[in-house]
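Down below are the structures I want you to see.
One chain, chain A, links the two complexes that follow: it is found with chain B in the first and with chain C in the second.
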Partner chain A sequence: MRNILRKNLQTSITMILCGICSVLVINSQPSAGKRTAEVKSKDNTNAIPVYGHWKNFTTKDGLPNNHAYCVRIDGKRVLVGTHEGMAVYEDGKWTNYTTKDGLAHNGVVSIDVSELTGDVWIGTLGGLTRWSAGKFETFNQLNSGLPNDLVYCVYCDGKDIWTATGGGAGHYDTYSKQWEIFTEKNAPMHEPWTYGVSAGDGKVYIAAWGGGIIEYTYKTKQFKDYTDPDGEMEIDLLPDDGPVHDITTGTAYADGMLWVSSYFGFCSYDGTHWKGYFDHDSGLASNFINFVRAKGPVVFICSDKGLSSTNGKSWVTYKKNDNNSDGLTIIKNYARNDDSTVVHTTKEIPSSPSIAHNFIIGVDADDNYLWVATEGGVSRGELLK
Partner chain B sequence: MKPAFKIITIILLGLIFHVSFLNGQDKQEKQDKQNKKVNYGKAPDEIFPYDKFVKPYKYHFLIPLTFNGAGRELKAPVDLKEVRLGFLGPLSGSIMVPQGKQMLQGATLATEEANKRGGYKGLPYKLMIHNDVGAWGAAANEVVKMDDEKVWAFVGSIDDIVSHVALRAALKLEIFMVCTGDPDPTFTETNIPWTLRVISDDRQGIYALINQIYKKDGHSRVAIIRTGARYGRVAFKIFSENATRVSHPIIIEERFADGETDFKSQLERIMVTNPDAILIWGNAKESALILKQARTIGLKQPVYGSDRMVNPEFLKIAGNLAEGIVTTCQYNPDSDNPKLKVFKASYLKRFGQEPDVFAAHAYDGTNLLIEAINKAGLNRVLIRDLLTDRKTFQGYEGVTGKIVLDQSWNEIRDIYIAKVNNGKFDFTPAPPMDLKQKSFSTTGNY
Partner chain C sequence: MKTSRIIIVIGFFSILGLVVFFPGRKWARGHVNYMTAVDDHPLNCFSCHAYTQKSGFISKLVNRKYLSPFNLAVSKDGNRLYVVAQESDALLVVDAANHKVLNKIGVGRLPHSVVLSADGQKAYVSNEWADNVSVIDLASSKVVDTLNTGNGPAGLSLSADGKFLYVIDSYSSNISVIDVNTGEERKRFDAGNNPTGTELSPDGKTLLVTSRRSLIVPYGESIKTELTIVDESTQRITERRNIESAYLMENAAFTPTGDLALITMIRPKNLVPSIQVEQGWMMTYGIVVIEPKQNGKTIQLLIDEPNAFYSDPFDIVITPDGKKAFISSSGVNTISVVNIDSLRTLIAKSRAEQLANYSNNLGISSRYIIKRIKTGADPKGLALSTDGKLLYVAEQLEDKIGIISTENLEPAGTIDLGGPSTITVARRGRRLFNNSGHTFQTQFDCYTCHPDMHEDGLVYNMASKDMGRNLTNTQSLRDIGDTPPYKWNGKNQTVYKQDGMRFSTVLTRTEQFNYKDLDALTAYIITGIPYPPNLQYNPNGELTESQLRGKAIFERSKDSYGNIIPENNRCITCHTPPYYTNLKMAYVKTLAVSDDSMLFDTPHLNNIYASPPYLHDGRAATLEEIWTKYGKEDKHGVVNDMTKNQLNDLVDYLKSLRAPQYEYSDLKNKKDKK
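Our next item is the complex of A and B:
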């Protein structure tokens, strides 16, 4: 009797413990079916470039101000917008330009270069300036159709120049020399204040404050808006249901993928599906994102806590230490499962020095270098082979 | 033996369930509560978006943002002759000019009094006055001018479109903005760590009205007539959503343009719906005209309104018809607060008129800025850090009452119900919203 009881008891305890173990295992380690493809590939970091050997530039090196708003690579030279003027890096030297040279305002917050003409378009705190053949020409509210003198972003798309301003989006056709202004009156914007613009594949994507993303199609001249489906400011109801928030700060388009930044997180849209990224479920350095730029399959994300880059699968983040000039390059493979649990792998590589500052406002990359505009100067990283 | 085996198994299972599952559940609930201590905007659970159905993937505004940029290391300039504060308000070209003038007077009085106390280490404070003209985009240019003028921080504005545009520019230029007159909830919902607001927002006013209209006064079929301006659009969205959440969707929404004087067609459409209460959301003049015309065509229902009714112009135009009108106010202008009494007397002496809500809050906001500069010194980031630490100025006693900032630096102190009685508004604290005691309809599918 006792033996039977003991045996039954042992069997029941064993079964229960096995059951508990299996529950714990299932909860802590997602099944193979649940895992996403990127997590299976542990060495997926080769898919995105990693930069290092940082060189930092400040006023000591010739910048007009350490508060750098933007950076744009233009062939062999690099254009940097700062609070006190534009700086051009060429042949190892910086040359500065201010209102004395013809800039609309010394606060240069956005720069783009026309692939068609080579003209440099400069968005400033006091108007839009075209730098062409050595001459500066200014467009403002009084002498042109520029919607507002505070130009947060300028984007060259062939003959078309797009601006995101404090009073709407502006479109300048350099062939017809005609301006168009898009506000809440003629586009599906909730408000006319806009902060970012990019274009590709016949479409323009405007980051509209409070209005999500406004898509404009050249061919049909039609607009379409993408907003956060939950419609609430204080929450994001579901992670991948659309833009993470209606207040957007920038857009970037490349390789058929739209990337959208906000002060609430980050998201991407492949034309069919939206995917949201937050600092708690991805390699994103911070949810507060100032600017975004895409190069091929990789997007660079300028946040207040460092620079992140991703291809949607792997993440590389560059962060400076608080107490010295060194920092870390953090490589992560993050993935969110269907049940919202998160799995990841992390690799940290020390860098000495690191980027100039963690508050990143602008970025640009070419085949060999990554240039970063920060609040503490400009940084240049070399592609690590 | 089988029964004994069953009993032991049940006991063991019970223990295991109790320890692992129930404890886990408790732990999760505790964690949830910790993560979400108080709903954003002091919203009761019953009306928090989607709260009855699903836990949101991400909550915003529950943890204050830090500013991680540079600038704290910058030394104060040594050759200053004055310490400049910016002012942004509607001073011409806007329907809000009377309110803008009051706002400027409130800021001016605070600045003059600070200078009498010695200014900033002997340097006088100077208001750099900017007119936002109530137009889109203009405010952005004015904030850029303030940066060029080297202001240390600024107060502004009233109009929500202006305030939003100014705030984005304030972030770009890193100048702290103290909002003293714009009650648009979305202003602080931009997640920009370069502002705080010293006036309660429309979210608080609307929650109080929802409580008053549906719970206290027992109405269920409410019609809304509101301005088509952003002020009305944002407020309508919040009111309408929350009315629906307490099981009483708005039965009709009518709009009007600012400056409109004939509301007959909108009111006739409302009349057809036979509401049991009407909510008017607009500026004082239009609200008074709507009230008069509503009574003229036979709409006798109780009328509620936005806080902009709390204005002498409303009482003057509406006359006796204003009796019994209920709205909200961000503070109690008749309070026994000694600071308020001194302020009202000084204001009357200096400007020859009674201060309004915008004057009082501009006075508080400007005083807050001045005190922050006196403590932090001439450094924009350090001024920002002090104003947003939610310690130094949390509970600050102003003429409008105690300032209570939430994690998004939005003023969330208790507000007042304002009811017209014998030709003047009476102010009483808005009762707390306790929807759990209300038997709302619970039938139907969820």
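Our next item is the complex of A and C:
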């Protein structure tokens, strides 16, 4: 359902953008220098990990379905959500779990692991499942306080489990076992549809459809919303004035930086300044972004045209060729010259094979590997030393 | 003259007496007949009007404060026993040699377990009704710290290095991991349903946590109760092993080598019609023998005999040489002794299918039970001396510690803890409640299905008179004296009737209680079963914003569209405070096809969060399901106009409901503050 929605939306938005704004956008496209004015590095060595030696996994390797929606690394195993259940990669083998084993629904669209307990929380299109020491337990809108069975995103923040659902954001306190629901009725949302959630430093960031980013502070139990100040639905009229769009699809928080994805671009917020990124002025593969995950200073951005990663200065994008299984790794570094102009260098490294598909919905990384959930299977890249 | 006056006066009063006596007696007879549902109960006003008073002068006069030892620990040198006196909210320090109580240390409400630090300097006592653990300095016999826990702390284990205290939160079904140095709760796991027992393996690597209530399964499916296995080094749960067809796994013990663990358990027969008791058709009792390693064997063996049942097994300990296990069967005042070598031989020589069959084999216990030793009333916690030669037994309803020689397997003395010497009527009633002596072949007692005088979370097929299907969700007995009638169909107008002839005919299948015993049992049920405080959802009477919104929904007279809700379909109409029942019958359209046509007695809702599943046949696994799955026609209150947020608010409010005494005491505290 999420895919269909996104694809339809993608098509219509693309048409709108192409038909109405393309000339404007092209003509008004700022130079790299304008859009990356903060880049200070002179040595062109903005450290960002690059992955390669791709290995792709499909149903032939044991996946239940090639439509992979999410991926999460959990120690020595990797958990993948697919259209037909959850697949777990461990010791070189895939083991699949479905509703027969206790999953709430076979459409597994989000997975997170509690660092506190080791429990795996699984967001599905039919409820939320906890997988703990081999046992599945389901929370749904009928048997619990879960806002809605369409659980697009689940995030574990200590004892607190957050969900972004089709009926609002849900908060489950595993200590008190109480639920809270946040919708447009009790939070500054445009509507109850929420797509993403993340947390850090005592705050929770909810990606709310049409409502930008909803920030919740544990201590005060207060909300604050961040919306696109220019109010334009088609373009980001004023650069870096706030979120690039009110329709947000994901948030990620790490190292004091909030990263926000949308179907219209990407942005970051350091607590003071917002900064926008687009496919025409950065290394971003596409403005149509499905999901985002931050690991320390690096953020991985899942789009409909490949996977990008950045630390705000350097960009690495992984793309598959349309006509074969090979692809490119495109590295862009931004630097400031002595005359304060910003230039970027681009390096393209062929990869064979490349990632399994360019439509990417999930990603996770650890010290050695990058795992990518795509429309055509799961890809694993090795960190290139 | 004087004589005639006297005669007249005497005559007058005699006639007056006769005039009053005969109608009065007739009235009293009718009253007693109504209350007891028999016509030959002795006319003794004290039966009810003295012994069933819950408070006031008479109540104080006829009742006593007992100690009720529940669990205990022995110091390493064997000189001291530390006894949890549950009803006195105290830890007793006992001289093991001289059998004297040396000190009584006040702890929190309803203490459950005690564990000693390895150096013997500290004792940790879990306070089940205070949601904390008292840390006691044993040198000074003083409480030096109080550690906050989850809801209903019960079993305790210290990590091998003594750095972490594992607290089993029985009500909130958690395991709290507390850093002993900082006193902070480091993490909290979900355990099984209503966990209590915990035991660390001899190598310090594996922690077992036993559960009492089954996970909620639809009626017709075999119950399953979780044994939670924790890797102590990583502080992660490694396995949640379902023990099939068993529940009330109170405690566990490891063999010294750690290769096996033995866990007490009950196997209820709730899925078959309750038409027969003989041969274990209601309950059987035994142990779960497990290999704690991942995917290790799980075997269930009974401790019963074909014509004798050893009800309500509670604690289990194993001697340091690994040769014998001792099991306290609270319902029959007996310690069963297991020869572990015989147990090993049986397991080793039996095929898998044989072992599976043994779980229902009443004769198999002769292969490993080597002795039955009688104890005082209601043996609960067990502890062995360090050398393993003496077994100490907490005799809860005796206020004594029994001592048994583990060598000759004979009683070796008793320690009187100094409780009241008088056994009150209610105390006798409690002994009856907890004792299977009044059931055919001692198969079960009230406590078996009403552990902690609450309910066991099971749905039984209490076969109706036509032998049909009659599913009955066990109801709590907490503070039920003021909430007649009883049974889901409300057929029993009093506790007397509920526990009288009907009880013996339908359940115990033996002679009914004599009236003296029935009076005592009734006195206990009416006066002696208070609600626990609702510390999880309503600790102090101040409702959360969500609960306040839920309260407004509970009390509303109009739906979300402004339509008037008929009075008989408002929550507050039938569920009236303080017990949240109007004591009347109601139609809520939850009758199953197999049910007789009937109305339902409106159940009380205090502490309702603690009584899943819900509805008369337990079809609703959660409070939410009462309305999301079974309230589609708006006959059990109007709910279909509500948003999910509102339903959550309503459920939050329902979970906040608690017993009247806590409401009153909080109100009084507030007034006093003003």
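Quick notes
Following the convention adopted for this analysis, the second predicted complex is superposed on the first by the 329 of 385 C-alpha atoms of A that agree within 3 Å, B and C clash if a C-alpha of one lies under 4 Å from a C-alpha of the other, contacts with A are read in each partner's own complex, and residues count from 1 in each chain.
Here is the rule we use: a contact is a pair of C-beta atoms (placed from the backbone, for glycine too) under 8 Å apart; a residue touches a chain by one contact, two chains touch by 3 or more.
Treat the numbers as computed from the prediction; the structure is a model and nothing was measured.
Superposition of the two complexes onto chain A shows chain B and chain C fitting side by side, with no clash.
Applying the stated contact rule after C-alpha superposition, one finds that A:Trp162 touches neither chain B nor chain C. Ranking chain B and chain C by residues of chain A touched puts B first. Once the two complexes are overlaid on the shared chain, A:Asp304 sits against chain B while remaining clear of chain C.
Once the two complexes are overlaid on the shared chain, A:Ile235 sits against chain B while remaining clear of chain C. After overlaying the two complexes on the shared chain, residue contacts for A:Tyr263 are found with chain B alone; chain C is out of touch. When the two complexes are overlaid on their common chain A, residue A:Tyr216 makes contact with neither chain B nor chain C. When both complexes are overlaid on chain A, the residue A:Thr183 reaches chain B and chain C alike. By the touch criterion defined above, A:Thr117 reaches chain C but does not reach chain B.
Once chain A of one complex is fitted onto chain A of the other, the partner contacts of A:Leu142 are limited to chain C, with no touch recorded for chain B.
In this overlay, which is a superposition and not a single complex, chain B and chain C have their closest Cα atoms 8 Å apart. Common to the chain B and chain C interfaces on chain A are residues 147-148, 167-168, 183. Chain A meets chain C in the complex at residues 116-119, 130, 132-135, 141-145, 147-148, 159, 167-168, 174-181, 183, 185-186. Note for the complex: chain A touches chain B at residues 1, 4-5, 8-9, 12-13, 16, 20, 66-67, 69, 105, 107, 109, 125-126, 147-150, 152, 165-168, 183, 191-193, 195, 209-210, 230, 232-239, 244-245, 247, 263-265, 276, 278, 286, 288, 304-305, 340, 357-359, 375-376. On the chain B side of its complex with chain A, the touching residues are 1, 4-5, 8-9, 12-13, 16, 20, 40-41, 49-50, 54, 56-61, 65, 67-71, 136-141, 144, 147, 161, 164-165, 168-169, 172-173, 185-186, 189-192, 230.
Taken in their complex, chain C has these residues touching chain A: 150, 172, 174, 187-190, 226, 228-229, 236-240, 242, 536-537, 546, 621-622, 624-625, 628-629, 643-645, 648, 651-652.
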